[in-house]
Amino acid sequence: MGTCEVTLDVLPRLPEGKEILTCLQCGVCSGTCPYGEVMDYPPRRMIAMMRAGMLEKVFTSDSLLSCVACYACMAKCPRGIRLTEILLPLMKEQTLTHLPELPGELQRALQNTLRYGNPMGEPSRKRAAWVKTAGVPIRILAEDPRPADALWFVECYTSFYPRGQDNSRATAKVFHRLGIDYAILGNEEKCAGECGRLTWEPGLFETLMDYNMAVFQKYRFNRVVTSCPHAHNAFKNRYPALGFHWGLEHVTPFVARYLDRLKPLLTRKLNYTVTYHDSCCLGRQNEFYEAPRLLLRSLPGVKLVEMVHNRVNAICCGGGGGGMWLDTYFKAKGYERLSERRVKEAADTGADVLAVSCPYEVSRFEDALKVTGHDKQMVVRDVTELLAEAMED
Amino acid sequence: MTGSICVLAEQWRGRISEPTYEVLALGRETADSLGVPLTAILTGSGARDLAQTLGIADTVLYVCHPQLAEPIPQPCAQALAQALANRAPRALLVPLTNISLGIATLLSIRLGAAAINFCTDIKVVDGRLQAVCVMYGGKIEATVEAAGSPAILGIWPGVRPADKGRAERSPAIEEITVELEDSPVRLKRYIDPEAGDVDLTRQDVLVAVGRGIQSRDNLPVAEELAKALGGAVAGSRPVIDQGWLPLSRQIGKSGLTVKPKLYVALGISGAPEHVEGMKDSALIVAVNSDPRAPIFNVAHYGIVADVMETLPSLTAAIEARKVAAHHAP
Amino acid sequence: MHILVLLKMVPDVVEDLEIAPDGRALDVEYLRMILSESDDHALEEALLLKERHGAKVTVLALDAAEVDDALFSALAKGVDRALKIEGMEAGLSTRQAAGAIAQIIAAEPGLADADLVLTGVQAIDDLDGLIAPMVADQLGRPYLGIITRLSLDASGRTAVATKEYPGGVRGEFEVELPAVFGMQAAEKPPRYVPVAKVRAAMKAQKIECAPVPTLADGGWPAVQVVEMKRNEPAGHAEMLDGVPAQVSETLCGILAGHGLV
């Protein structure tokens, strides 16, 4: 089912809409929502307004700006209502058209993504510039269109931001040592658009979907492997409507499948105590809880400890649903940054390393560690970075 | 007058602007290269005494009319066109500032002359004038020639030191009367900026602090440096998040984008979110105790040192130099 | 009340600019075009005035790469009419563009009656001058530039325009209408328009095409680019070493050399 067909008018007549109206008004969603107490209309109240025919009030308030699309409400709903997947994006789309002014940073991110294929506004022709620094050969399909087994969809933060590039270099090293047959799109790649979809802008998402599908269809490959859980979600849930038919995995579970080949390569002892943060997209949304832990436990000299809220209960880093570009907005409203809440929990475990598997989390948690004063005690590393570190050069 | 280099002097609120002297300095150089006189043109009403300060020129044409009391583009251009009608200057240099913007274009239409915008330099090549123009937001440098004479050149501020455009001697002043109709564009009042209302995007100098400043208590030291340089204090994200500076001072992805003449980054690591907001600053100086801080990739000059150890001596050195310059002969 | 907004596409400097083989112009192969930033502000100010006074807004642009995106985006934001001037060669000077625009304003019905003509104060490629005063001169109308706020008096025959001066000073002017203004910034940042709305505008609305004007030989002297090159950035930082006092002296000298002290 494509986003295109479902609108707020049509929704009540569809099975999904009827499902929403079976809501018990139990309030578990609002109670679990990390920003539930500051929203004027958390999910429960939103549905109540829908029943009362007063939805207009919801999207003329800025309540939905606080939704970080963390799936917590949807995971806990006793009725199994697909709040984050269906209702919330539709509500956000309406809010976008009703808000007198969009917060500047979010507006720029959306405009940049449309124009340059990345929210940072970096030139699209620099997207693959990091490849020269990778230290291993990386095939770019535009230059060498021979078939590949895996198309590695690198994504934006992992292409343009220095810490994201660290992740990409680590991924390339791991793939290379595992003998994986892969290639990337290079400068032809544009954001998969998940943030556009979950963040108010189905039109932007459709434009990116059209573009990416056209690029995919130029080449031959068996599966898409991506570093970004948001891209993974887009390809899994929405792109099939436009013909996406290839195998799909996020890098972490993909690499975990090669554990037998991987283990002998992990020869350097790391001596870290590591705690793992379950990202919302990979964790709650897709239930990939064990693959990253399996990889971490196979690192020599690594001890794994768990935070109080882990797996399905993990606390979001606050980057989803547009949150990545609304930090100043949240701060102005006096909200606690979710990433700060989370790193305090991480610090409580006494670990040296906070391991993550989503590119957003690296910069968010590194910032939060500085602000909360824990940056001497703890560093942030993607699981793939740790794997690469444990491989001798 | 024929073949001379002319410079439009900006008079505004009773003073000649700094960029005027900068452009006069360039005008003097160009006139000397060509071996022709330098003429300054001043428009105004009751502003004759300001003409005395334009002594670097050989002559000052003082064009006066009540309508010229304020530098409004259309009346100014009409007056200048009349004043220059029977003279045939080689080129007229007009400062590219908020005061004079539009005059060069209007005058070029009236005189049937070519206009060249965005000039940062003038070269004389085989007796021809070439303008060096910085276009496309500073990314491209074009060397441009205009056919015919005069050429009206819009000159960016800062092309030469203003001091080179000043001279002690009194110039010859020629007063010119012109005829002007009542202008359909009338100034009602000036609105001065509110005290304490700092717009960082309009500052020439910014002293930006990051976590390396270590504590809110150290902010006054940064403020001293900002004051010595004639600028304002700004901050990177962690500093604003901790409430040491208000939101209006934030530079970067979630704050302002600035392009000052000088950006001093103190204890700022240079994360992309911050660099996004200041990378086009004309001159970037970074101080950071981490030699691998990414800010050194975007800075023009870098100092690896503790911010709090460097700041006081830097402020002192600047104050000392200012005092020395003030007393210079 | 009718507002005419003049829009121009300029090279997008986010992508690296390359020089053409002849060394005198930009290489167009990878060039992307974007709406001139201050024109975007002019459009926003027009839309704000439309909201306040119920004015009709028309946008007019010369044909260029990606101009349709800008025009449909303007329609999606609420302008009433969009016109494109077609058939002219690329690389027109600002002066030639002004001449073409003035001809279209005279020839096309419903344009000459505009009470306000708004456009950006200056574009990054306005090498031979600014379009707002040129068009004002062609139309014989008053002009004022660097405007950050416009309001209309009750009679609709005068505008109050706020113009920026150096040092944060502003000047408030009374300008008799019809007039031409060069906008520096709208009162609010240019609004966001959802992509879905632009796509809907592309399906439901039309961009009118205006006939090719004759490029009058204005008899004005041409401006020739002799050479064009990239203004290369500084690269990595030059590191200054020494004890604080030494480093401060060195740095101070550097700043003085840049006229900053």
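First chain written, first letter: the chains are A, B and C, and each begins at residue 1.
Everything that follows uses one rule, which is that a contact is a pair of C-beta atoms (placed from the backbone, for glycine too) under 8 Å apart; a residue touches a chain by one contact, two chains touch by 3 or more.
The structure presented is a predicted model; accordingly, all values stated were derived computationally and were not measured.
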| item | value |
| --- | --- |
| Chain closest to the middle, measuring from C-alpha centroids that were averaged per chain | C |
| By number of C-beta contact pairs, the top two chains | B-C |
| Centroid distance [mean C-alpha coordinates] between subunit C and subunit B, Å | 22 |
| Distance from the mean Cα position of subunit B to that of subunit A, given in whole angstrom | 46 |
| Centre distance in Å when subunit A and subunit C are each reduced to the mean of their C-alpha atoms | 38 |
| Where subunit B touches two or more other chains at once, by residue number | none |
| Contacts with 2+ other chains: residues of subunit A | 121 |
| Of all residues in subunit A, those that touch subunit B in their complex | 105, 120-121, 160-162, 325, 327-328, 331-332, 337, 363, 367, 370-371 |
| Interfacial residue positions of subunit A with respect to subunit C in the complex | 93, 96-97, 101-102, 104, 107, 110-111, 114-116, 121-126, 200-204, 206-207 |
| Subunit C-facing residues of subunit B, complex | 12, 17, 70, 72-74, 97-99, 101-102, 104-106, 108-109, 112-118, 130, 133-148, 151, 154, 158, 161, 183-193, 197, 199, 202, 204-205, 229, 261-262, 282-286, 296-305, 309-310, 312-314, 316-318, 321-322, 325 |
| Residues of subunit C that touch subunit B when the two form their complex | 11, 13, 17, 26, 121-122, 124-130, 132-134, 136-137, 142-146, 160, 162-176, 179, 182, 219-231, 234, 236-240, 244-245, 247-249, 251-252, 254-256, 258-261 |
| Residues of subunit C that touch subunit A when the two form their complex | 12, 14-16, 30, 34, 188-189, 191-192, 194-199 |
